[in-house]
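In this document, chain identifiers A, B, C, D and E correspond to the written order of the chains, with residue numbering beginning at 1 in each.
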C-alpha cells in the first residue's frame, strides 16, 4: 500500500469534566488513502465528530487530546504552530459540518464567505475571488449570480451545496464530511452525494465521511470504520462491512435496518 | 420595511400614551406650584396677586378634557409652556440648554462605555476562563451592582475632595465664555471627567457582560467553527464572525440601556451639579415646576423612542434576515 | 380513496393554504384518506411536501381551508365544545423529538398520572398509581426504575415509549406519529416501531405514521400515501406501491433511498439532475384524474 | 429545585454571593442585639469619628452610624425583596400569559410592556414618588413593583414563546389540560432560572432605586435606611466637612449588598446557561495543558 | 476695574431675568442694585432713613397721606431723566397688573399723584405711621421702557435700564454673570466697586468650595461647621457673622379637629409645659450647627427685637420660654395631665387620649432635626408626640387650612415686632396665610396693633408694644425656639469696609430681603 494521505494513530481525546473526565475517543487509529472515501459509522455520541474536529485541530476547551498522532502526508498536524495551522486549515483539510445548514454566517453574503477563504489563503482580490466563486458555484449547480444573496435566501439543500463549493475552493487534499445530509430528504441527499462523488473523481481529494446511515455509507465509501463508545471496533472495505460484518455490534447495526426490498434482515431483528 | 413601519406605529402610540400619562401625573401632584414658589422664596403674595399670577402661568381651572386637548395640541406644535422656576423662559429653551449638556455627557459616556464594554466582552468571551476573562467578569459584577449614587459619591469623594485632582462641580470653568477655543474645550473635558468616569463605570460593566454572554453563546455556532476551520485569523473570526453577530442582541440591549443611562445620568448630574436634564428635572420636582417636569418626561420618552427606533433600524441594517420582512 | 365505511377518521378533500395570493403556499391540496382501527397508514414524501400539515389537520391544530374532517363518519364541528373535547382526546400524537416532548420539570409518573386524572375520573388515587405502573409495563419499561425519574435521565427510545404510554393513558383511538424514530439511534428504532405495531394490533388503534423513510413505512404500515407538493400522488397497499411504483415521483423517491446493494459509481443508479428537475416540475402541477392500477393501488395522472 | 440548589452550592460565585447576603440578613435580623443605640435618636455629639463608643462614628445630629447601618439594612432588604417579589410576580405572570395566550391578549400586554419600557424609569419614579409625597419604604416598594415589571415580562414572554412551541406543551394541550394548569405547571417550572434571574435583578434594582430616590430627597425622613443615611450625609455636606464615615458607610453597605446579589445573579445565569460556566472544568483543563498531559 | 464676587442665591444655571417685579425668577441682584429704592431704612441704626432716590419724605399729620421728594437731576442708566412721572407710572402699573404687585401695595394706598416733577404724593387707605416703610419696597421703573412692554409678567428685562449703582450686564452665561457700574449713577462718588460678579453655585458642596478657596468675597451661604471648613482656611481674612433673622417657633393648632387634642392645646398650662419641654439649646447647637440665635422669649422679641423687649414681661413669663424638663412635668401633673390608661403617655384630665404629630416640610433637614429634638423633649415629658414630614406644599396647605395638630413655622424678620405680630395674629388673614396657622386671635392685641400704626411718637409706640408683648407672652400662642441666622460670610483679603460685629453699621446680608445691602455695597472699598 502506498503512503496514506491521512493517518490517525492511537488518537485519544478526553472532555475534561468538573471532577472526572469523559473519554470520547479512545485509542483510535486508521488511515485514509489518496482519493479514497473513508466512512466512520456509529451511534450518536460515539465520538465521530470529535475525531473530525481533531483533524483540523478545531477543539476548544474542555476537549483535550491526550495521546496520539494525526499525520497528513507525514506531517504532524498536532505539532503545527498557529500560523502554520491557519494555512493548513481548509487548504489541506476542508470540512462540511454536521449541520451544514447553519454553518454559513447568516449576516454575510455568500460571496463574502468565499472571499474570506480566497483572500486569506490565496491573497485574491475581490474580482479574482468573484470569478473563482462563480466557478465553484457552477460546479454545484448554483447560478453564480446568486452569490450576492444571503444564506437565508437559499433552501437547505442549496446551502449545503454552497458549503461544499466553499470546501473545494482551495482544492483541499481531504474533505471531512460530518453527517452532511442528515437534515435533507433522500432525493436531495442523493443528488448532493452524487455530486461530491463526481467532484472527488475530478479533483482527486479524499473524503472522510461520517454518518450513521450504514446503507448510505456502503453505497458511497471505499472503506468503513465502525465506532462504539469511542473505540474503533471494526475497519474494513465497504463490501465486507456489508456482507461479512465481523463485530457483533456491526451485525446489530445492520439488523436494525429494515430493508426496502424484501425482508432480508427482518428475521435477525425479530430474533 | 413593513417591520419598521409597524414599529413607527407603535412609537406613535407610545408617544401619545406617554404624553397622556405625562399630562395627568403632575396634575395629580399635591401642592400648588405658585404657592410653593413663594413660600420658598420667602415672599408673600396677597390672594388677589396670587390669582392674577396663576392666570398668567396658564393654570386655568377649565374641565380636564379641555386642558388635555390644549395640551396635546401644544405638544404637537412644540410648545411646552413656560417654566415656573426659570420664569419667564419657555420650557423648550430651559430644556434645550440642559439637553446639550446631557447629550454631551451621556452621549459620550454611552459611546465610550458601549465601545469599551463591547470590546472587553468580546475579548473576555474569546479568552474564556483566562485571567483577563476573570478580571472582566468580576469587574463587571462590581461595576454594575454598585448604585450610580454610590459610585458618584465615592468618585467625587476621592478624586474631588480627598485628592482634589478634579473640580467638584460645573460643566466648565465659569470664568471662561463658551467658545470653540482650546482652553474652553479643555475646561469642558476637565470638568466632564468625573461624571463621565462615573457613568462609564456604571455602564461599561453591563455592556461587557451582555456582549460576553452573547459571544459565548455564539461561539458554539457552527458558522463560527466553520470560520475557524477555514483558517481565518483569530481576530477575523472574533470580529467579523462572532462579534458582528453577537452585537445584534447587544444593540437591542442598548435601547433598554438608554433608560439606565438616563437614570444614571440623572443621579450623576445631581451629585456633580452638572447643568443637564437630570439636574433640571430634579430641581423642577423640588420646585413643582410642572411645565418643566412634563416637558422633561416627554423629552426623555422621545429620546427613548428615538433610541429604540435607531436600534430597530440598525437591527435591520445589521441583520439581512429582517430586511426582506 | 379506500372505502369510508368503518373508518374512524377520514379527511375528505381537505386543502390547506397559508398566506395570501402572491405568496400563497398550498400545503395540502384536496387531500383525502381514511384511518381504520387496527391499521397503519404511512405518509411519505420529501421535506415540505405537506406531511406535517396533514398531521396538524388531523390534530385539529389547523382548520382546513377547504374540505372536511369526518370523525366516526360525522363531521367535526368546531362549535360543539364537548364533541371537540372528545375528538381531541381520541386523537393523540407522538412527536418526532423525544427530547422536547416530555416536560423536563416533571417526573415520568407525573406525565402519566395527569392524563389519568383528567380522563379517568373513575379511578381513585391509589388506583391511579397502579394504572401508571401498568401503563409503563405495557410499553416495556420497569415502573420501579422509571416512574420516579425525570425525562433527562432516560434515553431517547425510553422517552418515546413514555410518550406512547401517555397516548394510551389519554385513551386514544387514533395515534399520529410524526417521524417518531428519526431522532433515535439506529439500534433502538425498531424497538419503538415494533411497540407501535403491537399497540395497533392489541388496542385496535388507528395509526398515521409519517416518515420520509420508505423502508420503515413498509415495515410498519399496511397502506401508504406518497405526497408531493401538497398532493397525494400515489397511494394504496404498501407492498404494491413500493414494488410497483407508477408515479414518476414515487419512482424517484424509491431510487434515491440508500441501497447498500448499489454503489454510487454504478451508472445504473445515477440520478440525472435534469431528470430530477423534470419529475419535480411535472409532479407539482395539480391534477384531478386518478388511475386505479389495482383495487388497492391508485396513482394520480401527471401532466403530459 | 433540588438540582438548582446543588448547582448553586457548587458555584463559587453563588457561594460568595450567598455568604454576603446571608451575613447582611443575619446582621439585619439581629440588629437590636448588636447595638444598644436607638438608630433614630441622638446618642452622641455631632459628627464624631469612629471610636470605641461609636464604631462608625456619629451623624450630623449625633445618631450612631453603626446602629443606623444595621437597622437600615432591614429597610433595604425588605424593600429589595418585597419589590423584587412584586416585580417578579407581575412580570412572570404577564409574560407567561402574553406568551402563552398569544393573539389579542399578547398584543395588549406586549403593547403595555413596550410602553413601560420606553418611558424612562427613574425619572418616572421620581415624579411618582414626589406625587405620593414622603414616600415610605413600603410605598417605594409598591411603586417600584408597579412600574418595573416590564423587563421581566418581556424576557419571560420571549422564553415562554420558546417553551410554548416545545412538544410537551402541545401534548399537554392534546391531553386536555386546562390553560391555567399549562401555564403554572407546565411552562412555569421551565422558566425557573429566568424567573430567578429576574427576581435577583429586580431585588438589586429595587435596592438601588430606593436608595437613589431617598438620596434625592424623595423619601420619608423618618425612615432609617441606607438611602436616608446617604441623603442626610449629603445634606450635611459630610464630604466637605470630612465626615467620611457618615457618607462612606451607607455607600459601602450598598456596594457590598449589590455585589453579593450580583454574584448570585451571575451564578444563576451560569446555571441556566451552562455555556457561560467556566469554573472548575477550565482550571482543570488549563492545569492539564500546563503539565503537558495533553494538547488541543 | 474692581470686581467683587458675591453669592446671593443658589442656582443650577443662571437665567437672564432682571424683571424687578418677578419675585422668584428674577436675579436677586435686581432690586436695590439695579432699581434703587426711594429710601432705605437701616434696621441696624434704629431704622433711620437713608435717603436714596428721594431726598426727603413727609407724612401728613393725619397719617392719611405721604409725599416723597425726589433728588434733582436723577437719571436712568440710559441717560433719560428720572422724574416723579416714573414713580407715578410704576405705582399705576402695579394697579394695572396686579400680578406684579408683590407687596400688595394697592391694599395699602388708594392713590398716587405727581405733585411736581420732583414730588409724588400717595394717599393711604388707612392712617399709618408706617407708610414710608411700606412704600419704599416697590422698585421704580422707567416709564419710557416699561410702557411698551406687552406682557410685563413674562417680561425678562434682559438689558435693564435702572437707577441703581450697578445696572450694566456686560457678561452673562449660565455659569456666571457680572453686573457693573451705572454710567449715570447719581451717587457714583460713593461707589468704589465697579462690578459684582455672581458665579452660579448650586448646592452646599459647591458653595463651600467656592467660599473656602476664597473665590467669594461676600456670601449668604449655609456652611456646615463654618469655623473648621471656612474660617480655619484663612483666619486673617475669612469671617462670618450670623445675626438673628426670621423667628422659628412651634405652635399648636387651637382649632384642630381632634377634640381631645384641642382640649389640651387650648389649655395655657399645657402650652407652657410643652414650651418648657423644648431643649432650645440643643436645637440651636445640633440642628442649627450653633448658627441660629437662641430665642427663649415667650413673646418672641428675642435678640432681634431686643430694643423693643419689656424686661418685666420676661421676668413674669420668661421661665415658660426656657428648657426645664422637670418643671414641664410638674406643670403637667399639676394641671391633671397624667397617664390614665397606662400606655405610658399622659392623657387629658377627663381621660381622653392626647396624641399628635408635628408637621415639618419633607426636605428641610435642619427643621426636621429641630422637630426631632422637640419630640424627644415632649416624649420625655410624657407626651405622645410624633413627627410627620409632608411635602413642603402639603405642609403649607395644612398650615393655611388648619389641618394639623402641631407644627414648626417661621415668621419673617422685619423692622419692628409689629410686622410679625400683624402677620401672625390678624384674624382676617385666617385661612389665607401660613402665619396664622395657630389660629389664636385676641381682640385686645388687635386693637393695640392698630394703635401702633397710628402712633407716630416712638415712646408711645414702645408703650403699645410693651402691652402687646405681655398679651402674647401670657397666652403663649407661639413657642419660639430660635431665630434663623442671617447668613453672612465675608472675605477681607480684597475689600474692606464690611459691617462687622465690632462696627455693625448695617445689616450685612446681601440677600434680596435686605434693602440695606445697598448701603453695605456703598461702604465697601478695595483694599488698595
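The rule we apply is simple: a contact is a pair of C-beta atoms (placed from the backbone, for glycine too) under 8 Å apart; a residue touches a chain by one contact, two chains touch by 3 or more.
Bear in mind the structure is a predicted one, so any value in this text is a computation, not a measurement.
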| query | Looking at A-D and B-D, which pair shares more C-beta contacts? | reply | B-D
| Gap in Å, rounded to a whole number, between the CA centres of chain B and chain A | 51
| note | Rounded to the nearest Å, the gap between Cα centres of chain A and chain E is 91
| request: Go ahead and note the Å separation of the Cα centroids belonging to chain B and chain E. | output: 41
| Taking each chain's centre as its mean C-alpha position, how far apart are chain D and chain E in Å? | 47
| said: Quick check on chain D: which residues sit in contact with 2+ other chains? | reply: 130, 133, 217, 239-240, 282, 285-286
| Which chain B residues reach two or more other chains? | 30, 128-129, 286
| Which residues belonging to chain C are in contact with no fewer than two other chains? | none
| said: By the document's touch rule, what are all the touching chain pairs in this structure? | reply: A-B, A-C, A-D, B-D, B-E, C-D, D-E
| said: Could you list, by residue number, the parts of chain A that touch chain D in their complex? | reply: 14, 16-19, 57, 59-67, 78
| field | In the complex with chain C, residue positions of chain A that touch it | value | 43-44, 141, 156, 184-191, 193-194, 197, 212-216, 218-220, 238, 242, 252-253, 255-261, 266, 269
| query | Touching chain C in the complex: which residues of chain D? | reply | 166-168, 170-172, 174-177, 185-186, 189-190, 192
| said: List the residues on chain C that touch chain D in their complex, please. | reply: 59, 61, 85, 88-89, 91-93, 95-97, 100-106, 114-115, 118-119, 163, 166, 170
| Residue ranges of chain E in contact with chain B within the complex | 12-13, 15, 17, 19, 22-25, 97-99, 101-102, 104, 107, 151, 153-156, 171, 173-176, 199-203, 205-206, 209, 246, 363, 391-394, 396-397, 412, 432-434, 513
